[in-house]
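To keep things simple, chains are lettered A, B and C as they appear, and every chain counts its residues starting from 1.
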Amino acid sequence: MTPRAAGAASIVVTALAWEAAARLVASPVFPPCSAVLVALGALVRDGQVFTNVAASLAALTIGFGAAAGIGAAVGAAMGISSRTDDVLGPYLDAGLASPMLVYVPVLITIGGASRATEAATVFLYAVFAIAAYARAGVRGASAPLIEMARAFGATRAQVLRRIIWPGARPTVVAGLRVGLALAVKGLVTGEMLIASNGIGALIRLYGGRFQPARVLALLLVIVVMTRLATAALGTIERRAASLEAA
Amino acid sequence: MITFHDCHFAYRAHPTDAGVLVLDGIDLQVRDYEIVSVLGPSGCGKTTLLRMIAGLVRPDRGEVTIDGRAVTGPGRDCGFVFQDHALLPWADVLSNVAFGLELRGVGRVEREDRARALVQTVGLAGFERAYPRQLSGGMQQRVGLARALALEPSTLLMDEPFGSLDAQTRRSLQDDLVRLHAAAPKTIVFVTHSVDEAVRLGDRVVLLGRRPSRVEASFDVPLRRPRPEGLDSVPAFVEMKRDLWARLRSQAEAAS
Amino acid sequence: MTTRTWDRRVTPPRDPAVWRWRLAVAMALVLVWEILGRSAGTLLLPSASATAVALARLLVSAALWRALASSHAALVLGFAAAAVLGAPLGLVLGRRPAAGRALAVQLDALMVTPMSAIIPLVILAAGLSLWTRAFVVFAFAAPVIVVTVEAGARDVDTRLVEMARAFGASPRQIARRIILPAARPALLTALRLGLGRAFSGMVVSELVLMAAGIGGLILRFQADFDAASVYAVVVIVVAEAVALMKTAARLERRLAPWQPPGAVT
């Protein structure tokens, strides 16, 4: 069986097991898979999902875009210069260790319960992991290869472009993936706390209205959304790679 | 005595693969207390021979017997020394050496006593509580040797044990192995890709062909033990090395 | 104890100027914060000094310690359950590749799913109790523990397993003497990452919909427009999170020193 087929089979089995378990338990808070799919259909039909997903995606794009740019740049700078690393290291450590949502009340005091605050939340969730991966990638660049390039008379810029960047690239990309998953978490969690629209706000709404099937349907939407966003990131990455190679 | 009876073996990445035939009818005898060097091109199945003796793999066809009894699984009277040392990184030298004894349920005090004596034998006294990462490659392999000796096996299986060491360290470990063998003779099957090492250590050098391989030839080393100092200028030694080199070269030429 | 040559740890001495740099940057940041805070007015952005005063007041208040106790009860319960259930599951999945592959999709989905979204469901099921919060903590921590332990158990050096077999180890002995110790670094990493996620889960559960413990304290100060106290609680939470992670990382290095720290986060 190919991995793809195995994955599909695994999903089908999970759906069936979920259906069976839910019917067995017959608890109002644990709706079966079929009920969730029906709820999803209803959400799609009345169009609510689309407007709210669109609102969420805007915050996600801005927040994650900023986190990717700033995180990768600062992380790379920390990887290259040990002085930068020494000075900023404690902040990166703190950022990685912090439960990010705790900063949201602080953001609210500054930006109010706005979309900007929402984007800032997404940014905070993603930026530290992206920086950490970028730093590790740049630091992991092969010292013997750098030595070799120097011996062949490469300038600092050339070493950066020809040795360090190709070596660091896979790790930086891995960091973007991790960062994207975190960004979605930040988006949803942040919206549940502050926003009046967006997918997190919808979850809060239907949770409050005792509609667990709709909550789970929205979770499915989030999982699919994350998948699509990751795929989009992969496409962008491949594009960039082929442009660079040309 | 270790005997290979027409052993065949194919390497398979998966149990259902057709596989790559590695050994194509190996017939070989190793006498008690003999050191047999096994020499051959890379990928010819030298290591597989050792793994068969140890019972880690079974031939697809044919069988390996030790003193007439067929090898069916690991745990027999063999000590194994690995190419990459395979030391437990979380255990200190003493615990690594005592590993086999521990598996057999020997009590802590006794196994540590025996391990300590062996650590001394291989020249690592003072490093009992060091961890593998704190040791050089040569020292790590001394630990590997002591670990194999701890079970007092009658047979020692050595898989390119000194292959990754620098020339000087390598020589000193070779000398130690010869000394150990003289003091307490064991049957040793020594896989190597160094002609010099094969002749220097072996009573006999077995040459394997290219994959799928058979035993191509077996040469007795015409040097009595203890071997003289300054072996490098002994004509018999130099000549045998030259002959073996010629054989290996013609083997390579025939292939290309 | 005498120092042996092999026992000398090679750590490059830190440049003493580093601390001067760090101090300078930290002081500059606090200064900027203070100036911004004073110009914006304490209602919007409390200054550094106002936050410090609020922090001092908070530290001697019973409300803070009651909130912390309540939060940590959920943290301990949820994290312990995640460790006790997650680590063995990870070990089994890592050593049974077929099982690991069968659950890979689900575990992957759990890793990227925002667990906060299940909070409304958990509340529907169990109400606003300590157990609800503990369950959220569990749901945050368990996936990363399972996945990390699984990877560690899967990547056990096969050469060591082969070595043990050559020395006549039984499958049981291989599990106890090779697999478990070899997976120990991954296990410790898993617990550290899981603790970080658990801490997040604790904060998220308290801020979103439940208003309990330390998160509830934040929400209460927020409702009172007491921004300085909000900041002070945030400082406390972050300080504890950093201290916890640092301690865990140190323990990890101490208990599994043979593994160079490899993970990025």
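Just so it is clear, a residue touches a chain if its C-beta (ideal position, glycine included) is under 8 Å from a C-beta of that chain, and two chains touch if they have at least 3 such contacts.
Since we're looking at a predicted model, the values are computed, not measured.
**Q** Quick check: which two chains are joined by the most contacting C-beta pairs?
**A** Greatest count of contact pairs is found between chains A-C.
**Q** Name the most central chain, where centre means the mean of Cα atoms.
**A** Given all protein C-alpha atoms shown, the central chain works out to be C.
**Q** Name the chain whose C-alpha centroid is most distant from the C-alpha centroid of subunit A.
**A** It is B whose centre lies farthest from that of subunit A.
**Q** Using mean CA coordinates as chain centres, what's the subunit B-subunit C distance in Å?
**A** Whole-Å distance between the two chain centres: 48.
**Q** Subunit A to subunit C: how many Å between their CA centres?
**A** The separation of the two C-alpha centroids amounts to 18 Å.
**Q** If you average the CA atoms of subunit A and of subunit B, how many Å lie between those two points?
**A** 52
**Q** Across the complex, what residues on subunit C touch subunit A?
**A** Interface residues on the subunit C side: 15, 18, 21-22, 25, 44-46, 101-106, 109, 111-121, 123-125, 196, 199-200, 202-204, 207-209, 215, 218-219, 222, 227, 230-231, 234, 237-238, 241-242, 244-246, 264-265.
**Q** In their shared complex, at which residues does subunit A touch subunit C?
**A** 3, 6-7, 10-11, 13-14, 27-30, 83, 86-87, 90, 93-94, 96-106, 108-110, 129, 132-133, 136, 171, 175, 178, 181, 184-185, 187-189, 192-193, 200, 203-204, 206-208, 210, 212, 215-216, 218-219, 222-223, 226
**Q** Quick check: in the complex, which residue numbers of subunit C touch subunit B?
**A** Touch residues, subunit C against subunit B: 4, 6-7, 157, 159-160, 162-169, 173, 177-178, 181-182, 184, 256-259.
**Q** Using the touch rule from the top, collect the residues of subunit B that touch subunit C in their complex.
**A** Going through subunit B, the ones touching subunit C are 54, 56, 74-76, 78, 80, 82, 84, 86, 88-91, 99-100, 102-104, 126-127, 130-135, 147, 151.
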